[in-house]
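Dropping the structures in below, format is structure tokens.
Shared chain: chain A. Partners: chain B in the first complex, chain C in the second.
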Partner chain A sequence: MGDLREGAALYLRITAARIRAQLQYRASFALETVGMFFVTFLDFVVILIIFANVPALAGWSRAEVALLYAISALCFAFTDLVVGQLDWLSEWVRNGTFDGMLVRPRGTLFQVISSDFQIRRVGKIVQGLLVLVYALVVLDIQWTPARALMLAAAIPVGTVIFISIWVLTISIVFWTVDGREAANAFTYGGSFLAQFPINLYDRWLRRFLGYVVPIAFVAYFPSLYILDKPDPLGLPSILQFAAPVVAVVTAIAAGLVWRVAVRHYQSAGG
Partner chain B sequence: MLASLRADLAMARRGYARYAAYPGAALAGIFTNTVFGFMRAFILLALYQQRANIGGYDASAAVTYVWVGQALLMTVFMWGWLDIAVRIRTGDIATDLVRPIHPLRAALGFDLGRAAYHIVFRGIPPFVVGMAFFPVRLPSEIAVWIAFLVSLVLAVVVSFFFRVLYNVVGFWTTDVRGTMMLGGIIANLFSGFLIPVSFFPDWLAAIARATPFPSIVQTPIDIFVGTVSGPAIVGALVTQIAWAIALGLAARWTFDLGVRRLVVQGG
Partner chain C sequence: MTMALIEVEGLRKDFTVTRKTGVLRRARAVVHAVDGLTFSVERGEIVGYIGPNGAGKSTTVKMLTGILVPTAGRISVGGLVPTDRRTELARRIGVLFGQRVQLWWDLPLIESFELLRHMYRVGADRYRENLATFRELLELDPFLGTPVRQLSLGQRVRGELTAAMLHDPEILFLDEPTIGLDIVAKQRVREFLLRANREHGVTVLLTTHDLADIERLARRILIIDHGRLIYDGELEALKRRFGPRRVLVVDLVEPAPPLRVDGGEVVRTDGPRQWIAFDGDRITAAALIAAVTAVAAVRDLTLEEPEIESVVREIYAGRARPEAGPIRGS
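Take a look at the complex of A and B:
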């Protein structure tokens, strides 16, 4: 436990230093943050264009899909903020700089995660928040403490699920660096999948990406509960509360796979 | 003339070879590309539960649009291409300037070779998977296939000059990424890659059609799907040629302007 607290303190110190450094270049920071905002906003524009053509999508209204989108986008934005640098892992494995992480007195995953922090990615969070506000204003939600709690919990829980999926799938680069792009199907692909009602996907794609890779638990099940919407798939309502358990299981699986994967690391010859 | 054509061909072969060197990466890319194709196809099909025709597309045309689009994604490579910007930053561009062929011409040859690799090895495999699972339709007339191929080459050329434009920004500032990001956002939407331009509200479609971006993705897809057919194909190809020339001139002009203020350090 002491280790954990010390690790968190160390992470905060390193991250604070990085943020201070990045804020030195104010114009660059402002431009890139705005850029990040619009990159993700584009996904929502596509949803708006879809609803300019049809009043509902697989039984979900525009505002309901906006809620799905906002939860998915927020979880993914926080994920990207914390572990976005995993995109560089294949480079460190390819050129052998991962060596350095093995000799330091900290876990490798901790070092990878604390190796970078791009404050401009906050632009994505702002975008997600704005769509969330839009959805909550337009939707007529019968608020109860339980529903508010579900919404408040959905963001950290979904973030843990996305982070775990990212760690799990990017581990492939310890076996083959060329496999890097396959992880994108689950990370970026997962956040894309979660932006839409999963009942519109065909059964086997839904089973695989929704339940085996547990993306349905990020936005779909929590949203059903918040909206008090009958599940178009008719699944047991207990699943709407299962996300925290799923997140813990996925996180443990990710930790285990990472350990095994690191043992497969072979430094670059030279 | 013949000698420089031979040089173009040599560049194209190099472009092809550079990407062909990583078959494992191509396999991983095909996987991801295919997964996204499935998601996009199901999303569009959900629209057709309520309407039979949207912007000239029926359900079969819509899934064909998705899978041709997935095939074009790497082929036209609109986003994330910094070959020239990197050479400007490192100073390697000076070496290119010494050569007897204009750097943009050499880079275009290289890029056409790259595109040939990507359409065959990154484009066709996901498309074949898509065909197996969705009612994808193929053009029945040979003339349409030929028009599609011509349109595809023109799409790569227009895309190439667009990419050059965000790369040459590197002559003036070291931060090309911001420009690329902005260009990428506009290109992704207006090219019709994310969702067909004919699905846009009229005012947005009008803006998109006034830009070169539909020439990069929407035009070849429309020819393939058949929403542009008969004499209209000629008009579509002429529009692509016009954009290729306009962007080509703009790229050449800004590149040469940048070269005049280029300073390469060290020696």
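Take a look at the complex of A and C:
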């Protein structure tokens, strides 16, 4: 426990130093943050355009999809803020930066994640928050403590699921440095798919998003519960509470796969 | 039996390389990057580890520091198996890759040091003391507040060296520490390393292409080629054993035909100057000089010692390659 606290303190220290350095260039920080905001906002514009043409999407109204989108976008924005630098991993394996991490007295995943925090990524979080506010204002939600708790828990739980998927899939670069593209299909692709109700998708894709890459647990099930909406797929309602379990399982799997991947790197050589 | 600080026995590392041989065909081949190394390093030694490109130097260092798992063989560094006890070992060693940046790219140097202090859990007093020493010896003050990406190469290497030593490592692994540095910076780095070794007993293993590093720093060298150790011993012994003959350069009062002296052979003439090569084991320099002055009027004399560069060049060229096992210098 002491180790965990000390690790968290070190993470905050490194992150604070990086934020200080990045804020030195105020103009570029402001521009990049606004840029991040608009790039992600385009995703939501797509949804608005769709609803300009149809009144409902697979039984979901515009405001309902906005809620689902906001939960998913916020989870992904926090994920990107915390582990977005995993995109650099293949480069770091290629140029030997990763070797440097292996000779320091900390976990490799810790070092990768703490090595390149980018404050401009908060632009994505702002975007998700605005859409969430819009959804909550427009929707007439019958609030209960349980529903409020579900919304509050959905963001951290979904973030853990996304982070785990990212770590799991990016581990492929320890086998092939060109594996980033394949991993991105799951991470960015997964986050895109999570922005729509999964009953919109074909049967095999739904199963894939439920069992293989558990995106359905990020926003779909929590949204159903908060909206008190009958599941169009008629799935057992217990699944609406399963996200924390899914998060823990994927996180453990991600940790194990990362460990195996680094060990593979160490025996194959970079 | 007491164990040496670094012990390597029968160390091997194979890499599988895949080569494209057709549109879909791939040929796999196994390369023995390191092939049966055995050596040990005692506490307090400075050992130069040299060999041509691709000989297996970096691969060895990577195995010793816990970056790579050996294919076969045994390694013990400070009593630990590197890859099994990676983080524990990391606190006791310092590693510098001269060609790579290990510091945080966009942070001021001093902030990197601060973060490393916490990463390595260096006590505040010890950190302050160490930093003060390094600031003075490596003259870091002018650029302590500069982000790493804006540092010149020489400044960056001095910064990296400090970063590698803030936690008082027992062993330093240096991979090309002076590459790309100007002469003044090289000199400063070498003096710093000698001092760390002398005053704190830091053991140093360094790979380098700059043989001047070796001459200034290391008494013992390991030479590796094709993954095998081909020399392990003292630098001086190597020079004596494999060095080209020593050369006496004489400036005569007047130009003369090549002199004839016992034990020496004129290998070159240029006006009144003649180069006389001799074998130091058969005739002393003094005896040769006496023989020369006996036959000609001499204005000036100089003695050219064998250079480590030419010694090593000859070893790489195969002249000195042993049939089996490394040559052990006396």
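Just so it is clear, the second predicted complex is superposed on the first by the 265 of 270 C-alpha atoms of A that agree within 3 Å, B and C clash if a C-alpha of one lies under 4 Å from a C-alpha of the other, contacts with A are read in each partner's own complex, and residues count from 1 in each chain.
The rule we apply is simple: a residue touches a chain if its C-beta (ideal position, glycine included) is under 8 Å from a C-beta of that chain, and two chains touch if they have at least 3 such contacts.
On a predicted model such as this, the values are computed, not experimentally measured, just so you know.
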Touching partner for A:G2 - first (chain B), second (chain C), both, neither: neither
Partner chain in contact with A:D178 - chain B first, chain C second, else both or neither: first
Touching partner for A:I49 - first (chain B), second (chain C), both, neither: first
Which superposed partner A:P145 touches (first chain B, second chain C, both, neither): neither
Between chain B and chain C, more extensive residue contact with chain A: B
First (chain B), second (chain C), both or neither touched by A:G234: neither
Residues of chain A contacting chain B in one complex and chain C in the other: none
In the complex, chain C residues that touch chain A: 13, 15-16, 33, 59, 62, 65-69, 71, 83, 86-88, 90-91, 93, 95, 97, 100-102, 104, 106-108, 111, 114-115, 118-120, 147
Of all residues in chain A, those that touch chain B in their complex: 28, 31-32, 35-36, 38-39, 42, 45-46, 49-50, 52-58, 176, 178-182, 184-185, 189, 192-193, 196, 200-202, 205, 209
Residues of chain A defined as touching chain C within the complex: 9-10, 13-14, 17-18, 21-22, 95-97, 99-100, 102-107, 115, 263, 266-269
Contact set on chain B toward chain A in their complex: 22, 24-25, 27-29, 31-32, 35-36, 38-39, 42-43, 45-47, 49-51, 54-55, 175, 177-178, 181-182, 184-185, 188-189, 194-195, 199-201, 204
